[in-house]
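Down below are the structures I want you to see.
In the two assemblies presented below, chain A is common to both, partnered first by chain B and then by chain C.
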Partner chain A sequence: MVVGASHAGAQLAASLRQGGWKGEIVLVGDEGTLPYQRPPMSKAYLAGKNTLDQLAIRSAAFYAKQEITLLDDSVQAVDRTDGRVTLSRGGSLAYDELALCTGARVRRLAAPGADLCGVHYLRTAADVELIREAASPGRRAVIIGGGYIGLETAASLSGLGLQVSVLEATERVLGRVTAPEVSAFFDRIHREEAVDVRTKATVEELVGTDRVQGVVLAGGETVPADLVIIGIGVEPNTELAAAAGLQVDDGVVIDDHARTSDPAIVAAGDCTSHLMTRYGRRIRLESVSSATEQAKVAAATACGKSQRITALPWFWSDQYDVKLQIAGINTGYDEIVLNGDPAEGRDFTCYYLRRGELIAADCVNRPRDFMFSKQVIIRGGQVGRDELALQAVG
Partner chain B sequence: MTKIREAITAKVQATIPMERQIQGAHLYDKTRRWVTGTNGQKMFVESPIPPVDDLEIGEIDLSNPFLYRQGRWQSYFERLRKEAPVHYQANSPFGPFWSVTRHADIIAVDKNHDVFSAEPFIVIGVPPRFMDIEMFIAMDPPRHDLQRQAVQGVVAPKNLREMEGLIRSRVREVLDDLPVDEPFDWVQKVSVELTARMLATLLDFPYEQRRKLVQWSDLAASMEQTNGGPSDNDEVFAEMRSTVRELSALWYDKAARLAGGEEPGFDLITMLQSNENTKDLIDRPMEFLGNLTLLIVGGNDTTRNSMSGGVLALNQFPEQFEKLKANPDLIPNMVSEIIRWQTPLAYMRRIAKKDTILNGQFIREGDKVVMWYASGNRDEAVFERPDELIIDRPNARNHIAFGFGVHRCMGNRLAEMQLRILWEELLTRFEDIDVVADPEYVQSNFVRGISRLMVRLTPKATG
Partner chain C sequence: MAVVTFVSHDGDTHQAPLEEGRSLMQVATENAVPGIDGDCGGEAACGTCHVVVDPAWAERVGSSEAGEEGMLAMNPEREPTSRLSCQMVLCEAWDGLTVRLPEFQM
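For the complex of A and B:
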């Protein structure tokens, strides 16, 4: 039984079958759709370039052929002693192996007026459809949060012809995840695309009569808005695991084999927290590549095989004609090396080093550098600073 | 006057053995190099190519054979597409030429063979004197049509269906022998090996000597006078003589077996022999050599570099590899997308047969016009996020890597089939194909080739 028809869930179900799982496979999801690719939600799907059918991870026929049952429901509770789950729509199901792929949900904004009509979050296809309906050219969109989701949404909506403002509470966009130079680059390109980026902009409240009409900032200024999208991060869905008595620490804790603290339960995807030896700490990732890998490892574990989570995490973000590819995690860096100039043009790479070793890289329109960085980090990060600065372009 | 010269050439070619002719051409070329003092001198020495924004528009020279290797080509093409889509370079080492860089303009030129002639060559430069072998890719209708028709059957749908099983079993042999969990060169062990096997099959060439075809093809496709490649002319001539020897032997062997009542095979040579227009091709040596070379080169570099390029692209855009693994039904569309992304041949050249106007530029009769497929396939007006590999790109099939019009690649279905089978078989065996070192690229303005691609394979978990 797989809980959560997410990227990880769909992969896990398919991998179980491939790995020789003979029994029944039930994939429980409550979005009412086939499992779909989530990254395009704030990018191509929001921009209206894909249909949901095109984004389905596998077709309905695939699940039928693999005898994977898709159950439109959600799980309320797990009874580990009996090996059963209780379903929200009534009834319960027994399991031999349980896989938790419950994902993450958006963090809610705790400001007055956040529940007004016209205020959206962006995580699911349903969210995006609502935003798309409201996103007619010329309207004013205010995005709260200058992280990846916020900036991608800004790029997509500005492409649809809306007037877009981005409100970031801290000093710079992407402040939590990149070097100041990279933040400055994204700040610049959004301004070049006529997006109004405001940093140190703390939201006091959202105002409007029946619909949202503006966002009031701490200084008292009101930014007018026809629609507001809040993108201030996600929280892992760990309640089910916690209530079942599994160890939870920012995410459902899993080992290298994707096992939770209960050996009969595996977990994969955005809901998990995994000790990464490469970085020497437990990390919760929001990454498709990691979700996929964890799901494969979890399926192997459930089938009684031994595989380990080892891959280097990587991420990407599409904004306008910019593709940012990120290799590794830069937390704890003490030095950066730039190749190319983030202050001009639209291609450069920012390498992050810790004690002289490469630990991560932000590559802007530089797929060759991205590939190179991944290799170096996987090999242990030893690299000359000159080599980084002089890497071939492209 | 031309008629008489053609007649004399034909007579000479029919009387003097092919090997002698090549020897003569070699001697001529040596003398030329000696007289001009260029012997042992390279036309091209690699130096760093400046960012495109440091240049005036007229200085942009797409014939630089290091543009692809140094990764500058995207920005060069992009600037021309934006600022000068039909661009004149007056002073290239290959002489003056026009560059056409937008998708729509390229199609307009490629379709219009009445105005834009493929004769006498389809590369920017000129082959060594007396080495101007003739091939139908560089002929206009009606001569082109007759010769192409003669060999087209080898890649007819029926023949392809028959070949599919054979190709699959050869792909499996190659893949099953690959080392796992240790680095090796994908180009040599997979791309070259598979294309060599395919060529040997198409020509019914002695199987154990299949690498000779590759060696020959590589030399023929990398002459510096034609496209800025690194081939040494003495080596090319020597190799050419041995090729001619072996291909003629193959021809006569086939003819003898056919005459002896043997069942005709479904290979290229047999096809040429059984067609009215090409049955005495052996008496027109430069055409004989030309058309066989065309089919060898055409089936070699192109497929090879698409096989390597696919692996490279999926490493540069790993989210696409994840997408592929999650849904192998995307393989056929991905094959088109890989061919678009790689565009293994950068361009084809034409000559204006009369004064004409193309996208506002006046082109004179006799001017060289180069259609940069590699640029058309990155045209932002046609392809969204053109520099990215997007395996489920809806219009991937609108790429022009195969050309457009009468010269559209004859082997396109075969190429697609080979790539499709390769990826189908790869996905069942390997979890990951990781590029573990920076790739090395070919020196050429024509072939967009990858000469070395170190990878490590992770087998699928079993048991």
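For the complex of A and C:
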């Protein structure tokens, strides 16, 4: 039984079959769709460049052929003593192995007016459909939050012909995840694309009569808005695990084999927190690559095989003609080396080092640097600064 | 029925029906072909859908474009006819196409 039908759940179910699981496989999901790719929600799908069918992770025929039952329902509770889950449409199902792939949900903005009509969040296909209905050319969209999702949304909506503003509370966009030079680069390209980026912009309240009409900032200024999209991060869906008495620490705690504190339950994806040897601490990653890897390991574990979660985390983002690929996690860096100039043009790489070793790289339109960095970091990060600065461009 | 064939690094073959308009990566994952991950969903961002096109087919399927080439350039298992299968959109004329899979996707 797999709870949550998205990147982690779909991969886990498929890997169970590939790994030789002979019994029934039930994949329970509550979005009412086939599991679909989530990253395009703020990118190509929001921009209207593809349909949900094209984004299905696997087709309906695949699940039928692999004898994976898709159940459109939501799991309300897990009874570990009896090995059963309760479903919200009534009834319960028994399991031998349970996999929790419940993912994450958007963090709500705690400001007055955040529940007005015309205020959106962006996580699911249903969210995007509502935004697309409201996103007619010429309208004013205000995006709250200058993280990856906020910036991607800005790029997609500006491509649809809307007037877009981004409000970031801290002093720079992407402040939590990149070096100031990289933040400055994204700030510049959004401005070049006529997006109004405002930093140190704290939202006081959202105002409007029936529908939202503006966002009031600390200091009193009101930014006019026909629609507002809030992208201020996510929270893991851990309530089910916590209520069942599993260990939760930010995410559902898993070991290197994707096992939770109960040996009959595995977990994978955005809902998990994993002690990563590479970083020496517990980390809850929010990325497709990690959801997929954890799911493969969890499936192996459920099939009685032994695999470990070891892959280097990586991530990507598309905005306009800019493709950013990120290898590794830069936390704790003490030095950066730039190859190319973030202040000009649209391609460069920012390498992050700690005590002289490469730990991460932000590669902007530089797929070659990305693959190079991945390999160097996996080998332990030993690399000469000159090699980074001189690495062939591409 | 038109088919494409995947040969694993140790010689196992997997055939899959050719579906015009879908990418070779999609056809591989749909048919549970081991050795192709397709982690980024076809964005040419991950490099886990690397295949080596049978040289007899290389000209017909064409070579990689710039972004794809960058992803392949650093790959230790790279060969002259390497491609990212997510960037190869299938057409009927490719009936019988054979590709080899590298030992590791990275």
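By definition in this document, the second predicted complex is superposed on the first by the 394 of 394 C-alpha atoms of A that agree within 3 Å, B and C clash if a C-alpha of one lies under 4 Å from a C-alpha of the other, contacts with A are read in each partner's own complex, and residues count from 1 in each chain.
By definition in this document, contacts are C-beta pairs under 8 Å (C-beta built on N, C-alpha and C of every residue); 3 or more make two chains touch, one makes a residue touch a chain.
Worth saying up front: this structure is predicted, and the values here are computed from it rather than measured.
**Student:** Following superposition onto chain A, is the placement of chain B relative to chain C best described as a clash or a fit?
**Tutor:** Clash: chain B and chain C overlap once superposed on chain A.
**Student:** Answer with first, second, both or neither: which of chain B and chain C does A:Arg17 touch in the superposed model?
**Tutor:** second
**Student:** Is A:Phe186 touching anything from chain B or chain C once the two structures are fitted on A? First, second, both or neither.
**Tutor:** After superposing on A, A:Phe186 lies clear of both chain B and chain C.
**Student:** Once the shared chain is lined up, is A:Lys323 touching chain B (first), chain C (second), both, or neither of them?
**Tutor:** both
**Student:** In the overlaid three-chain picture, which partner chain does A:Gln66 touch, first (chain B) or second (chain C), both, or neither?
**Tutor:** second
**Student:** Can A:Ser289 be said to touch chain B (first), chain C (second), both, or neither?
**Tutor:** A:Ser289 sits against chain B and chain C alike.
**Student:** May I ask you to decide whether A:Pro40 touches chain B, chain C, both, or neither, giving the answer as first, second, both or neither?
**Tutor:** So A:Pro40 only meets chain C here.
**Student:** Taking the superposition on A as described, I'd like to know which of chain B and chain C A:Tyr352 touches: first, second, both or neither.
**Tutor:** neither
**Student:** Give one of first, second, both or neither to describe whether A:Lys49 is in contact with chain B, with chain C, with both, or with none.
**Tutor:** In the superposition, A:Lys49 contacts chain B only.
**Student:** Using the superposition on chain A as set up above, list the residues of chain A that contact both chain B and chain C.
**Tutor:** Overlap of chain B and chain C footprints on chain A: residues 14, 37, 39, 57-59, 62, 288-289, 292, 314, 316, 318, 323, 365, 367-368, 370-372, 375, 394.
**Student:** Which positions of chain A touch chain C when the two form their complex?
**Tutor:** Those in contact with chain C are residues 14, 17-18, 37, 39-40, 55, 57-59, 61-62, 66, 288-289, 292, 314, 316, 318, 323, 325, 365-368, 370-372, 374-375, 394.
**Student:** Can you check the complex and tell me which residues of chain B touch chain A?
**Tutor:** 51, 70-72, 74, 312, 315-319, 322-323, 325-327, 329, 380, 384-385, 387-388, 392, 394, 431, 434-438, 461, 463
**Student:** Residues of chain C touching chain A in their complex?
**Tutor:** 29-30, 32, 34, 37, 39-41, 43-47, 67-71, 73-76, 106
**Student:** If we count contacts the way the header does, which residues on chain A are in touch with chain B in the complex?
**Tutor:** 10-11, 14, 19, 37, 39, 49, 54, 57-59, 62, 288-289, 292, 296, 300, 305, 307, 314, 316, 318, 321, 323, 365, 367-368, 370-372, 375, 392-394
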